[in-house]
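Working notes for the structure below.
Read from first to last, the chains carry the letters A, B, C and D; within each, the first residue is number 1.
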Amino acid sequence: MKIELTRQKVHNEFAKKVELISGQNLFACYQCGNCTAGCPISFAMEIGPHEAIRYTLLGLEEEVLGVNTFWLCASCLQCTSRCPKGIDIARVMDALRMVVLRRKERRDHIQISEFPEGFLEKVPQIAFISGFRKFLS
Amino acid sequence: MDYLYFPGCTLYTKAKNFDQTARNCSLLLGFELKELPNWTCCGATFPLATDNLMALLPPARILASAREQGTVLTTLCAVCFNVIKRTNRLFQEDGEKRDKINNFIEKNYQGDLRVVHYLEILKQEVGFPQLKERVKRPLTGLRAAPYYGCMLLRPFEEMEFDDKERPTIFEGFLEALGAKVVEFPYKIECCGSFQSVGSPDVATECAYKILGSAMKNGAEVVVSTCPMCTFNIDHKQSDIKQKYLDFKTIPVLYFTQLLGIAMGLDHRTLGFEQNFVDPLPLLKGKGLV
Amino acid sequence: MRKLGVFICHCGVNIAGTVDVKSVAEEMGRVEDVAHSTDYIYMCSEPGQQIIREAIREKGLEGVVVACCSPSMHENTFRKAVKSQGMNPYLCEIANIREQCSWVHQKDREEATRKAAEIILATLEKVRKNESLEPIAMAIDRRVLVIGGGIAGMTAALDLAEGGYGVVLIEREPGLGGHMAQLSRTFPDLDPALPGLVAKASAVERHPKINLLCYSELEDVKGYVGNFDLTVRKKATLVDWEKCNGCGDCIRDCPVEYASPFERGLGMRKAIDLFYPDSVPSKPVIDREHCQYFLDKGCRRCEEICPKKAINFAQKDERIELKAGAIVVATGYELYPMERLGEYGYGQIPDVIDGLAFERMLSPNGPTRGKILRPSDGKVPKEMVFIQCVASRDPDRYMPYCSRVCCMYTAKHASFYKEQVPDGQPYIFYMDIRSDCKGYEEFLQKTIEERGLLYLRGRVSRVFQDDGKVRVLGVDTLTGRMVEVAADMVVLATAIVPSPGVKDLAAKLRATVDRHGFLTEAHIKLYPVESSTKGIYLAGCGQSPKDISDTVSQASATASKIQALLSTDKLLQDPLIAFVDEGICSGCGICVEICPYEAREMDRRRGISVVHEALCQGCGACIAACPNFACELRNSSASQTLRMVDTFVA
Amino acid sequence: MKGNGAFVKRAMVIGGGIAGISASLDLGNAGYDVVLVEKLPSIGGRMLQLSETFPTLDCAQCTLTPKTVETGQHPRIKLVTYSEVEGIEGKAGDFSVSIRRKAAYVDWERCTGCGLCQQKCPSKNPSEFDRGMGLGKAIYTLSPQAVPNKPVIDPSHCRYFKEGKCRVCEKICPVKAIDYEQKDRLVEERVGAIVVAVGFDLIPKESFGEYGYGELPDLIDGLAFERLNSASGPTTGEIRRPSDGKVPKEVVFIQCTGSRDPERYMPYCSRVCCMYTAKHARLYKHKVHDGQAYIFYMDIRSTGKGYEEFIQQGMEEEGILYLRGRVSRIFRDGEKLIVWGADTLTGRKVEVSADLVVLATAMTPRKEAKELAKKLGIEADDHGFLTEAERKLRPVETKVEGIYLAGCAQGPKDIADSVAHANAAASKVQALFAKH
């Protein structure tokens, strides 16, 4: 529950990395929550996109990387298109994903072997390929 | 006029009906889709990580090779359209990345290709009034809900496709075919996209909301521009039924399938057997087949 | 050779923190004709000025350079100081080493110091060749033009009239009151808006010193502070207001009804009607666009019914020429058009309305007689959503600024709603609650507690019509949850934007506007009600969003400034203006074309171009345009400028 | 002008801060005589304590001193400083005001303002002007740029008054202006209208038990931070914390301290804290590049022109961390101050080990405001803010004709609004005078 803040933590390496990968300035976020409000998938997220940004900024690295929020993001860009501060939130979500996927220990989020029978035959290629791109390192 | 055409993986296999109907209709409308030789997959996602240049190589190759053949490239699949158009834009605006990628793929593409969607050809080149005149079998009385999804519209500044909150191109198309357009708020909300692979339940929920909204507003059929959306809102109806017992199914068609009907093509050439919810009873009921 | 003095200001740490002022002062002291060079922490303060005065006295200085902030801040201060010692003020020049040096080179002390020295050396070059000049004295007209008949304009006009000055008040609409006339009750004491406003409007109408011109617009402005020549277009009301007794028969009998802009489209008005039901003046106008007579000559009912024969279909617009010494611009605001808000349905969802429309709904003289009924079907809304910051604080898509009044009026709206519909629930989406004036915070907290308003901290991403409801997709950032409300009605607190036409008006007045179209003040703290053009003052929301109380204060403030301006007999104008070397001028007339202030004129008899001293602002356009270098600017001659440039490139 | 029953077209302005100065200048420039009464030895008020002002970051001294100088030199303005209003009689057009001119123990007629006495005075005491951080002398002016630039002796610190010996100032004064025998004097002024511009105070930090009852030296209020940041302040503009002079690397700013707190302190919003805190944090970042500024807030209130942009720029470009939540407690831990706050946006408790804490304490009326209101026959609210005739349409008038309000005496305001308010009051006075 508690966060101990220091200037190193506020300018934490993790947030810097997310900013670098996403090309976005997390300090520009004024926490209006528009992204969460319009997100078609936020109903299933453990924390909203605006909270994911907040957690990242405050250096709550393991906590934010442990939630399903950015794995559930479908990059539909609704948040990006309506952000009053012009932050491309989808890029921030993707950056969080990248941080996990680029770590040495693989944390692949789909296992082909676990698909139900007949699934592979039905699902269109684009869904697979995008899925692999988003979920595999 | 002929158009360089990039089908993409899905249209080559699991959405062949989409591809075939589009080609057939083109011929009836006086233009041909000339398939790009030796095309590869576009990558299926535009990389959002700014440092991920590798993911831009496939669409860059497609663009470079298309530029050797002509000046306009068209696609049907909304995802491919998004990836290729955004990559093209990046080539126009970011000289540094352009040079890097060119260096890598050993081409010298400058971003001077026009990437258009099939619907744009219908609107801008054929013209909806002209399309209306050529319709052989108007879809009179068919209440069709146009589902845009995300990829055609967003990001708005890059896609420059239509208004991001209230697009109208699809409506214009359906009206030209004689259908009754059903306005529904979820037409621009996401279908769950690739989450049908990652988190199928989430995608099911998204699809349920979209279809529910369309039906509540009186739709008899939902029309889509994208094979991924189509899969999510058509094939996932079996999952929806399992979760929501009172859910009634609704046919989902590619816009080219509907175009095919209106242009008078034989319904057996429209690939309805690949649709999960059979549209034939509806179409027969309306006297359209 | 003139004996010169150099005075270098530290400006606290603003300059001294970056520039090594001591070494610059020493360096300047070594310049041949510099008889005195020193530095001080705040040269603009009394002891600082005292240093300058003493040096002039003791060293017999004949020219002064003060190295400090921008001349727009303190040129006047220092010129006054040197004048007190008998030096011609135009022999004192400012070397700007703050904005143009220390502030922009904070990271490089050495270079900044070198640059500061160069700026001062260049300014010394200028002073060496400066002439002694005297300000130009001009007669002034003691009348004032007030543009805009809202609460700001009326307050300024009344203050000035009470102060004994003649005022012409022009208002675009047929009646006084502006947007305040649309309001129901006002925060935080919830008094009805109309009685106070009507009392003020009547006072304006009656005041012997105020010439009220309604339904009128400013067409043209010529002249300058103290002597403006104005042309006002009085639009044809098609009703002779002299004859009209305001009986209202014509309105009652008029067969044409259309959606009233005053009622924000929620109510109807007639083709002949008052501005609003209790309008002052209480005289109607005919709207040509809707009147049947003008459409097909098919109706003359009002003409027939009028007992005073006041209807005059042939009335023409009238042009009125006026003179004034000062102008107050009180053009007010408009709300950001809902038609541009895609995510909120482009203004096409009937039950999504803006704040002013809701005010009309709450007004006893409004379209629903004060009842809250949703526009689509007249039902009482039970789930009521209010959204703040719509198009405000949104730099990427709409307006970056805060509209200042929405927090308070939304709280007021929600409070009235709850009072009228006790079983209804108001939801308010906000980003920050801004209740920062006297009594506002107390009002807000009390309202929340007593009325059970649900405040949700978050934006609304999308609003759409769904199943007879208005579905609102919002968020509560305090729980982190997405919030969905199936509302019966939604009120958008849309951004305040300058009223239409302000940019054109500002261009006519040569006043500046910011990128949003708000009129810009000369300095936000030093000159908050003065525009950048002398003699033109700003009041109310045309300058920036503000509430009624602040608007009234600001309007009175303009009145105070104008009274000080007009209380003197002669106005003194800066003599730093263009002049013509008559021997060189070929009379080509290029300068006449290019002058933005109409200060250049051809002297046909002599075949040369002359300068109208009162109009010239010394902008230098003619100097740059003159093909044979016949124009020069006083104390900025070509030779001075070239010597200054030489200093930098040497 | 005296006693003939004529309407006196001469105004008194009580309070020589930016509001009083603005009102005086407007009236003076319009051709009316003005008596400006100021409690302190020189005019300028609170604004003189400020370093830079939002949203332009103009130097406060540079904006203010030309106005104080102009006021001091204005032929129509009579300065009566180091003085307080004792009593008032009469009505609009004919007020008779008695003023207590406090003993300065310096003959201002003789004094040239050379400053030698201040240099040589051996006493050193915490300077109130510098919020107790710097050391002042027993004989002092408020600043080297004071208007009028004349010193006064504070008998509570003067060795001569306390111990009966010293008299250094008397010996050193080249014009023999020191007068230890000087007494308070009562003077009368007749005026036709009065503008009350007595300004504001801050809740003292000693009031906040949860923040250490003012006993933590590195916990200061907003005005103290202004002094720290000011080139004329105790650190000549360097940000150094009071306890040990170190440059603080973690600075916590706490807004709404004592404001919006109906149960314990003041229920109202103090209006300026959001903006000056943002300014403080930005100025801090300009000086300490590797430092971190944290701002605890409840709602960010940036409603003036250019204010919202100013705040957003601070967040985006200076990396100031805004935390939405109050601070419950602050205590010392070695060299650090431990701040227990919350971030309601993550729902977490937040702990910061700070080097310096700046409290944006609530603005209150001057403690003498209620008493003055009684003398003037005007109303004040429970807190002591003077009450206007009508909130919206008559914001500068009072219930008494001829008495007007200007600036923060009426309610918290920023400089721009105070100036406009004061100009408005001047306008009302002019209208009153023009009528007669």
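Criterion: a residue touches a chain if its C-beta (ideal position, glycine included) is under 8 Å from a C-beta of that chain, and two chains touch if they have at least 3 such contacts.
Keep in mind it's a predicted model, so treat the numbers as computed, not measured.
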Highest-count interface - the chain pair sharing the most C-beta contacts: C-D
Greatest separation from chain B - chain, by CA centre: D
Approximate Å spacing (C-alpha centroids) for the pair chain C, chain D: 29
Centre-to-centre distance between chain D and chain A (centres being mean Cα positions), rounded to whole Å: 49
Whole-Å gap between the CA centroids of chain A and chain C: 45
Overlap residues in chain A, where contacts from two or more other chains coincide: 30-31, 43, 50-51, 78, 85
Set of chain D residues in contact with two or more other chains: 312, 345, 347
Residues of chain C touching at least two other chains: 343, 393, 395, 462, 477, 480
Chain contact graph, described as a line, ring, star, complete graph or other shape: other
Pairs of chains found to touch, sorted by chain label: A-B, A-C, A-D, B-C, C-D
Partner chain A, residues of chain B touching it in the complex: 8-10, 13-15, 41, 43-45, 47-52, 55, 77, 79-80, 150, 153-156, 164, 188-190, 192-199, 201-202, 205-206, 209, 227-228, 231, 235
Chain D partner contacts - residues on chain C that touch it in the complex: 10-14, 16-17, 41-42, 44-49, 69, 73-74, 76-77, 151, 155, 159, 162-164, 186, 188-189, 191, 196, 200, 393, 395, 400-402, 404, 432-442, 445, 477-480, 518, 524-526, 528-529, 543-545, 547-550, 552-561, 563-564, 567
Chain B contact footprint on chain C (complex, rising order): 342-343, 346, 462, 464-467, 471
Chain C-facing residues of chain A, complex: 30-39, 42-43, 47-48, 50-51, 78-79, 82-86
Chain D contact footprint on chain A (complex, rising order): 1-7, 10-11, 25, 27-28, 30-31, 50-51, 54-55, 57-58, 60, 85
